[in-house]
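Chain IDs A, B, C and D follow the sequence of writing; residue 1 opens each chain.
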Amino acid sequence: MVVVMQEGADETQVGKVIAYLVDLGMDVHRSTGASRVVLGVVGSRSVDTRLVELLDGVHEVLRITEPYKLASRTFRKEDTIITVGDLKIGGDEVIVMAGPCSAENEAQVQQTAAACKRAGAKVLRGGAFKPRSSPYSFQGLGEEGLRLLRDAANDHDMKLVTEVMDISQIEVITRYADIYQVGARNMQNFTLLRELGRTRKPVLLKRGISATIEEWLLSAEYILAGGNTDVILCERGIRTFESFTRNTLDISAIPVVKQLSHLPIFVDPSHGTGRRDKVASMARAAVAAGADGLIIEVHCDPDHAMSDGAQSMFPAQFDRLMAELRIIAPAIGRSICLEPAARRGWAR
Amino acid sequence: MVVVMQEGADETQVGKVIAYLVDLGMDVHRSTGASRVVLGVVGSRSVDTRLVELLDGVHEVLRITEPYKLASRTFRKEDTIITVGDLKIGGDEVIVMAGPCSAENEAQVQQTAAACKRAGAKVLRGGAFKPRSSPYSFQGLGEEGLRLLRDAANDHDMKLVTEVMDISQIEVITRYADIYQVGARNMQNFTLLRELGRTRKPVLLKRGISATIEEWLLSAEYILAGGNTDVILCERGIRTFESFTRNTLDISAIPVVKQLSHLPIFVDPSHGTGRRDKVASMARAAVAAGADGLIIEVHCDPDHAMSDGAQSMFPAQFDRLMAELRIIAPAIGRSICLEPAARRGWAR
Amino acid sequence: MVVVMQEGADETQVGKVIAYLVDLGMDVHRSTGASRVVLGVVGSRSVDTRLVELLDGVHEVLRITEPYKLASRTFRKEDTIITVGDLKIGGDEVIVMAGPCSAENEAQVQQTAAACKRAGAKVLRGGAFKPRSSPYSFQGLGEEGLRLLRDAANDHDMKLVTEVMDISQIEVITRYADIYQVGARNMQNFTLLRELGRTRKPVLLKRGISATIEEWLLSAEYILAGGNTDVILCERGIRTFESFTRNTLDISAIPVVKQLSHLPIFVDPSHGTGRRDKVASMARAAVAAGADGLIIEVHCDPDHAMSDGAQSMFPAQFDRLMAELRIIAPAIGRSICLEPAARRGWAR
Amino acid sequence: MVVVMQEGADETQVGKVIAYLVDLGMDVHRSTGASRVVLGVVGSRSVDTRLVELLDGVHEVLRITEPYKLASRTFRKEDTIITVGDLKIGGDEVIVMAGPCSAENEAQVQQTAAACKRAGAKVLRGGAFKPRSSPYSFQGLGEEGLRLLRDAANDHDMKLVTEVMDISQIEVITRYADIYQVGARNMQNFTLLRELGRTRKPVLLKRGISATIEEWLLSAEYILAGGNTDVILCERGIRTFESFTRNTLDISAIPVVKQLSHLPIFVDPSHGTGRRDKVASMARAAVAAGADGLIIEVHCDPDHAMSDGAQSMFPAQFDRLMAELRIIAPAIGRSICLEPAARRGWAR
């Protein structure tokens, strides 16, 4: 912390500020400039900087350390690579997670999973418990949905990611999923984050729609502090004044996170735009900007989806997108693997 | 819903849109203008307007009904007045809730409650379970804190409002508090809202820092739909680009909410500004704009508070603020009651 | 400026940063803490902090001085009081400016001015050159409008404020107006600000809809630096994600500006809300929060106004608002004067 | 316009609304639903929808036409391709404009232009008149700067784009530049836009940092309405709550603009991020998302630039970026041409 005194602050004021800080157990280094006194303050305790700002003669208080530790590049220099069976997240391969918004029935889950796998997705996404902003909307199939998703993931040799909304759901979801997803609305549900920190499966942590990058990394810290080192960050759009798109997908968060943290960062262009005709553009932009992966909504029949059909891609659109991404990835020294089966299909 | 076709959309396109909507069980009224066709669409089912927007020839789709019902003025014309014992919230009297951020120990709770009561607060506020953005901060006293708060409320003839963060806390909080508080971060924790809808105590529902007024009213709808009609809305600042204040307190939400809804609206100037030297200005502004009440952090010794001391008022500041509010309230035909004891104090 | 080195930055890196800064003519004070080196940097030159941030081993660079000088409380402790004839702006009296959006014709200007004066407004507002976001809207009467406004101001013993949009208009406006208004869209039209700095009439400087308070004060600095010390700041709403109101009126800017600057601050609740049924609430809030004045759109017949009728008050609404403000102002030790004539009217 | 009446609005209210609209010369089509009356309103006049909203019994008023015409896809279906000599902007080739923030001296301009050309830039950018938020910063070389830029453009067979800040500069800039640039702060300087509409050189119109896409297209309309059909839109970051980057580059504006308008869209990743280490990521993202071109700050010696050095790329960084973009462009069926000379260089 750096305390900048007002121009003209007198010795009594400076003395009181120093005494206040020393009293809290901090070490204080004083620099006296021509027009101002500046105090460098270090110590192990965290201090509410606003309290210091309210002291007489103080002009401004500046924090000099990030409040997160385990999530920062300072703590760990190399990129974190997360292993889920034979899958590596955060390495050279750009990983694509795809699937329906919600599991609706067996045929829908199976057909969608098959289409996603064929195009090159490695992880199946899909919801069983749906958080909806209106109490009058479809709320998901519950455990039956989890079972359908697990079966489809097994049948198509995919991993499964699904959203956990509440600590009461952790136990059942643990039995079915490979990766927990924490939704944007729960990014600061600290009770949930703490519990997930005690599990040993990766957590895909979506950014809240109004969360700063610092707050997002602090939420990751809650999970890391519990001993679970496998956190995947996921940008999905922030709320701005612009209303043509549902949210403004913050592509620039990718290079920022890469600099501040060692954790992998994914992008969700489906929720980030809210309309399927904008998804491909933003998916390409995310990979070009350096994202470690994508999570995309695909549905075998989006026009009749029970939720979020408007932002779900048709299988053919998703195929084409994956082909475009395979051209882009090498520009930044990365790859997007093609399935052997699909390779044959493309070769024909 | 109103579907606006593109200029030049042909009959086939118009026909397909109508067929799509009729297929969903909707009634469609067609208006053919000089340059465009406009379709008025009514029906009992809720339709994702984005799906219609994606149909060929559609220019734009406009929603014409609010998605909330029970919370709207259309549903109920008169202001809702909530009764908590002898207290009426939402009537002519502006109600002030005050107290510490967290209960820390018996002396702190008692002294603060006494000061708040003396100045005219009718409800004691205080937290026992604290949601903190850093996992390394003070997390609250838990049930012991609830006991201290309840005792102080009883001793000073006040009601008690305290935050519930998770459904697992509802039972214990129900035993101690008169009013549940739902924090900004939980405004869209639908699991929690649904459970509170099944209780029969009032809920003070804070606006999320990036929630639109419509989303806020939809969250109130979750509680109302469960049968609990006693929801108090509470504005506490929205996130904007301006960073001098922690948040931007949206005072204009007061007249907007008064027009859209029959529910009472409170303002929290402490979280809305984040610094005690800005609290009085914003509290006065809120009452002048027509707020039904305030919830303010006061601490007997803010400089040594374990949390949020910087935004907690000193008792003397709070006294002075209450005196100012008593001048302002009559400008809009309202009052702020003075305690008999305090009246004697002021008369001397 | 404070340069915070990364944890683990080595001596070579620290040395290069110091050399870079000394080379720019700065003085550097080094503090070596347990985990980091922190450099305090002072000097007369302004340095782009981002360049220092890009040097190897630098964690963060913090600015410690406001970039504005003449506008700050550090430069001038006492409130600036601006004198326009017998009018004092920034003193104990809350000054109200009122009038139509645009001058349309003589009858409209005269009737509106009479109504504003009777209710207690001291300054007539009105536009002759209108900036409109669509090229197809009414663009104002030009100099003829200025003449009508000046005549009405003289007839009713009021001062006149009107908007200047471009340096080419300064000369003609100088001949008619007492106070220049700079609109929100021109807040960073530095060519215009510089020219107004050379004039000797007060400037009402509206805040840009996405301007930080710091940028706003920097724009004031452009005028002050030219030798014109009479700048009135005017908050008129900032752009946020909330769309129920045209803009979000940032009432909390009032206490913030009062702390950072000695300049008077006004509020424009008409543009801040965009609808006349929200204007009174926000005008009351502004005065309660400590604004030095208001600028309000009033029209003798708003339903037939050529521009902004929806946000213009009826004279009777404005009368009532002024009566409410007279109750509120004393709560913060201020007054709103009543005209002798109006006083007689009210007494009857 | 669609007028949605309140549920329960009576016949008198409906009748008055219809009469009001007919009185304004509009045609009204009435639909009577089970719970509401909806009025479809068409006509040639533009009506302030807020005035209708204020009528008794009106629930909401929805606009159904874009306020811009010439800029919309409805007006012109095919993409606009702008010709500047032998250069085509908006076609298959992605055009890159590059150069220094400001012209500082001959050597700097020449060296930078040479480096930009060698890497594949077709247009030289550079400022002679600088708008700076502080009155104490470097303000540009004026006409001498224009001369240096023009000479360098000629010497390296490039076109020249430079910023025009005020109508008084149009004449001199017309003598030197091929393309006018309108900065973000001037996006709503309607006096300037109108004048540029009378010229016959292309205008690169930057989006204001808080401008909606609709407002941006309306500003383009001002230029188009004057008869100048050559407008290039340029996204350069919007202001949001996130402060790690100077602005949030709104990459999703690219597909949105492509849908709404026929005009080419460029991206400025230098101002959009504010730091050179983020520029390449965002430039790649922009091309991958479908931008028609880029405008990038490059400086032969960024560490000693007189302005914006922190966001200017080194020539070697720019070379590498161009190589990456050449890999990405084909993914969306586009190309980035290599100069014959550069081709030889790369082959060696």
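By definition in this document, contacts are C-beta pairs under 8 Å (C-beta built on N, C-alpha and C of every residue); 3 or more make two chains touch, one makes a residue touch a chain.
These numbers come from a predicted model, not from an experiment.
Pairs A-B and B-D differ in how many C-beta pairs touch across them, and the larger number is found at A-B.
Put simply, the chain farthest from subunit B by mean CA position is D. With centres defined as mean CA coordinates, subunit B is found 28 Å away from subunit A. Computed from the mean C-alpha positions, the centre of subunit B lies at a distance of 39 Å from the centre of subunit D.
The residues of subunit B that reach two or more other chains are 210, 239-241, 243, 277, listed in rising order. Considering their complex, residues 210, 212-214, 238, 240-245, 248-256, 259-260, 272-273, 277-278, 281-282, 284-290, 324-325, 327-328, 330-332 of subunit C touch subunit B. Contact residues of subunit B toward subunit D in the complex are 2, 4, 6-8, 27, 29, 31, 33-36, 38, 40, 42, 59-60, 62, 64-65, 74, 239-241, 243.
Across the complex, subunit A is touched by residues 46, 48, 50-51, 53-54, 67-68, 131-137, 165-168, 185-186, 188-191, 194, 208-210, 215, 218-219, 221-222, 225, 239, 274-277, 303, 308-311 of subunit B.
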